[in-house]
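Below are two complexes that have chain A in common, paired first with chain B and then with chain C.
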Partner chain A sequence: MVGFTAYVMQMAVGGALIALALSVYIDGIGYTVFHLIGISGFAAYAYTLLTLSGNWSVSAALAGGILVGAIAGWLCSECLRPLRGDGLTLASFGIGVGLFELLRFIPLTGGVFGIAGVPQFGVGEPIPTLIVTVVFLIVGAVVATFWRRSLGGAIVRSIRQDEWAALSIGARVEGHQRFTGAFAGALAAAGGIYSGATTGFIEPRDFQPTNLLIPLAATILACGKTPLGVLGSLFAIVFFFQAVRFIGQDPTTAGPVSEIIVAVLVAAILVIVRVRKQVMPHGQ
Partner chain B sequence: MSDVLGAAIISGSIYALISLGFALGFRVSGVFNLAYGGLLVAAGYANYAFAVLLGLPTWLSIPISILLISGIGFAIEGYGVPFAKKVGLTSLDIMVLTWLLLVVMQDLVIIIFSSTSIYMGSQDVTTGLTFLGTHITSIQFAIMGLTFAGASVLFVISRFTASGREVTAVGDNVALATICGINVKRVIALNAVAASLLAAGAGVLLTYEDRLEPTLGMRFSIIAIVATLVGIRLGPGGAVLGAYAFGLLESVVLYLVDPGLRDSVVYFCLLAAVTVTYRRKLISDVG
Partner chain C sequence: MASNSAVPVLHAESLSRHFGPGAVLDRVSLCLLEGTLTLLTGRNGSGKTTLVNCLAGFDRSYSGRVYFGGESIDSAGPSKRARLGIVRTFQYPHLFDEFTVRDHLSLGRLASVPALSSYFQQQWQQTEIQSTPKGVEDLYARRGDELSFGEMKLVNTARAIATKPRVLLLDEPLASLDGERRAIVVNAILRIRDAGCSVLAVEHDLQDLLPIADAAFELTDGKMNDLRSK
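For the complex of A and B:
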């Protein structure tokens, strides 16, 4: 894949995996979180450093990066477990941006300049990259769907609705909450690694909280529907976003303009969904 | 060590100035208004537009900017937030909406001013006074004085006047305040006016102290939240104490640990402040 279409596709799939992670977390814990974007960056840097400095193979580094994401997700969810509501969302923002700032600061990550020459999955060739893209997307969607339909997914949703009731019927509340955090972290990690390993370059700016705008928009737009709904919404938003940039020509204004349109769209959907008392996209 | 203390006093004063308006708004609404930092940035840029781009004199550009931006702030705090609560949005929904509003404000500033960073202060930073080994400029003196005056006024009003007690009552329990005969709408409106004026004033003043960038809004909001949560038990004036505590911590990191960690400290402080303030009892704690 080359050119603008390839770039849009890569952006869409990376965002899709993070949107799936976000939907898993919201479905299981019940609140919007921002730390997943930081975790995706952490995992992407782990993959890059393991391949470039540790001389790991691409597949081993991919597994290592996802493991780093899962552990980071578990640790973050452990920090956030005593919180609920806007407190939880705000604290997750603290972790997410704190991680982003650390990435900007640590010399190992190349600071604000990032790292070039990240080993690519499809060695930069169009067809292998396309195959990797499809595989990532399908695996992410299938795993998220499987989790959602599994007994564990049902239990964690019941915990979200009433922790004490779930405890009284014997659910392992803490275990399920930890697993949800780790699982969402692993999915976000896959998104971050995919983005880095298909473009061949990563910098901290790729993982700042504003980049969560589109995955969050997709999750809210899907109104808690299946992972396929999240993916469909995300692709629609990304292509709209990029179409505005493409038509606008001037990147310095087209980027902010498209961001404003998406922000207004998300706000409108959030208000409509909440006022109509439909499915709760986040928060109880 | 005196360097650290001097820097802590200066940065603490700036952060206190940033936080006062937020703390006032938060006391009544209980909502984390993330658009607050955007108002500060917008006020700074509005003053720049009027004074530099349109050529208005400073004595005219400053009040116009403050009135314009505090009008927007009032619309958010005085009408937007109460309306959102009325239609059934939760605090979390409103917080996400204010974040989106911040993104919109930030992008508008980027589009209008082409991402230019601005500084309105004097190039001469040598005049002033040396205190605790740190050089304090006249604008920093003004900020310290305004912060002290603002905090004192807020403290006196909130503790010793009927209006202050009404604000506390509405912030604690709107239903009960209504039953007690307090005009809730009036209290919310007056509080929103004061909070917005403080935000806009702080934003304008900041451009005379340091370089302002369109993307700094979120950082300002987070600093205000941290300061407010640290001093939450002391009322809106407690934010000043929280701001100085945060300023001290930041200066310690800046001078004694590593300057590169300065921004990380802001966000990890947010995590700590929120966790300490809102930590609920876990099932494992209960047994």
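For the complex of A and C:
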């Protein structure tokens, strides 16, 4: 897997793993997920530093990076848990921006220039890279699907749907929310590490909140529900992006234009769906 | 009915709760005895639901003390209080859309036995729910989002009863119910009271519950008045 195909696959699979993390998080905690991309960046840097400076093997560093993502996800969900509505949105976005800025200014992470020479999965060998790509995608999809269909997933979704009802029957709401944060953090970490380890290069701007556009658009299009729907939406958007770039011939213009088209389409769909849905009063 | 030796289960001592300058609850004291039904009434906005919120731990911005079995539970949140056995319902029924009624009742029971693994082994769909009020069985297979408002209210109460609470706080359990369903809920309240549970029912319409209540109070201007002494 080389050249343009590899680039598109890496973009699609890295984004797919982040989108799965978003769908898990949205399912279990809420709609505000801007910090997850920062977590994926932290995990990618953890993987890189563990391999380059700590001389860890690729597989051990992968596990370490995912653990870092899970811990970061747990800590962020703990900070965000008491918040709701606008406060939650602002805090989630603030954490996302904060993590991005940290990556830019900490010398250990290479600053704004990032780190080159990230140990890659299956360097220069098409088949191992392809296998790694497929394995990441399948494992991510299977884990997210299993979680969605499990009793635990159903309980966590129900808690998000109606926290008061869950509290009233003694559900351990805080524990479920912490677990969901850690789980989504681990999935986002896998996405970040995959991107870094297949391109061989990471820089902070890869992990700024605006880069959530494609995963977030895919998650919204799939209504944040089935993992397969999320994956399908993401691959469709990536395909659309690349088609626009290909047809437009000038990638510098076509890239942003395609992003604007996707953003407008998703926003329009969201508004139409919201307007058409019946709004139920839900007061005390 | 309560015997003379009934044991205090939940005791609120001098509870006050302010919203702005006015006191919704003004040094209210209430003692709920084991195996009794206490009826609480009052005008809209008199603080009935606020009192339930304070007792169940949903509102902990009160002054005063709440004791359960003689121990202070002021620092315990709603989930912990529910696990202790203080379970409440809501005026507006809160159900989970994708769970069936049977699931709701199983979840209610699960809350008092926090063992998810054994829950898996029991195969929730086949679990018998002993404490379910008669009349709910025909709803078992329907999901939360398929129920009418009245059915949701019924299941809301049934789910709380399924947790086998020691104290059951019912917020307007009969409102919006037809005669048949009111009878189901009244019978369920009688059954759980006779099983030793202490029930506090907040209700506007006293017709069904006042004759069977062991104690009855009215909240007026933040104060608790004994209805029976009027």
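Everything that follows uses one rule, which is that the second predicted complex is superposed on the first by the 276 of 284 C-alpha atoms of A that agree within 3 Å, B and C clash if a C-alpha of one lies under 4 Å from a C-alpha of the other, contacts with A are read in each partner's own complex, and residues count from 1 in each chain.
Here, a contact is a pair of C-beta atoms (placed from the backbone, for glycine too) under 8 Å apart; a residue touches a chain by one contact, two chains touch by 3 or more.
Keep in mind that this is a model prediction, so the values were computed, not measured.
Using the contact criterion defined above for the overlaid structures, shared-chain residue A:173 touches chain B and also reaches chain C.
Partner contacting the larger number of chain A residues, of chain B and chain C: B. Look at A:162: by the touch rule set out above, it reaches chain C but stays clear of chain B. Judged by the touch definition given at the top, the superposed model places A:98 against chain B, while chain C stays out of reach.
With both structures placed on the common chain, the touch criterion links A:32 to chain B but leaves chain C unconnected.
Note: residues 164, 167, 173-174, 282-283 of chain A belong to the chain B contact set and to the chain C contact set alike, using the contact criterion stated above.
Within the complex, the chain B residues that touch chain A are 31-32, 84, 87-93, 95-97, 100-101, 103-104, 107-108, 110-111, 114-115, 218, 222, 225, 258, 260-261, 263-264, 266-272, 274-275, 277-280, 282-284. Considering their complex, residues 31-32, 79, 81-87, 89-91, 93-98, 101-102, 104-105, 163-164, 167, 173-174, 209-210, 213, 252-253, 256-257, 259-260, 263-264, 266-267, 270-271, 274-275, 277, 282-283 of chain A touch chain B. Those residues of chain C whose C-beta lies close enough to touch chain A in the complex are 49, 56, 58, 77-80, 82-83, 87-92, 94-99, 107-108, 111-112, 114, 116, 119-120, 124, 159-160, 163.
Residue ranges of chain A in contact with chain C, taken from their complex: 151-152, 154-155, 157-158, 161-162, 164-174, 282-284.
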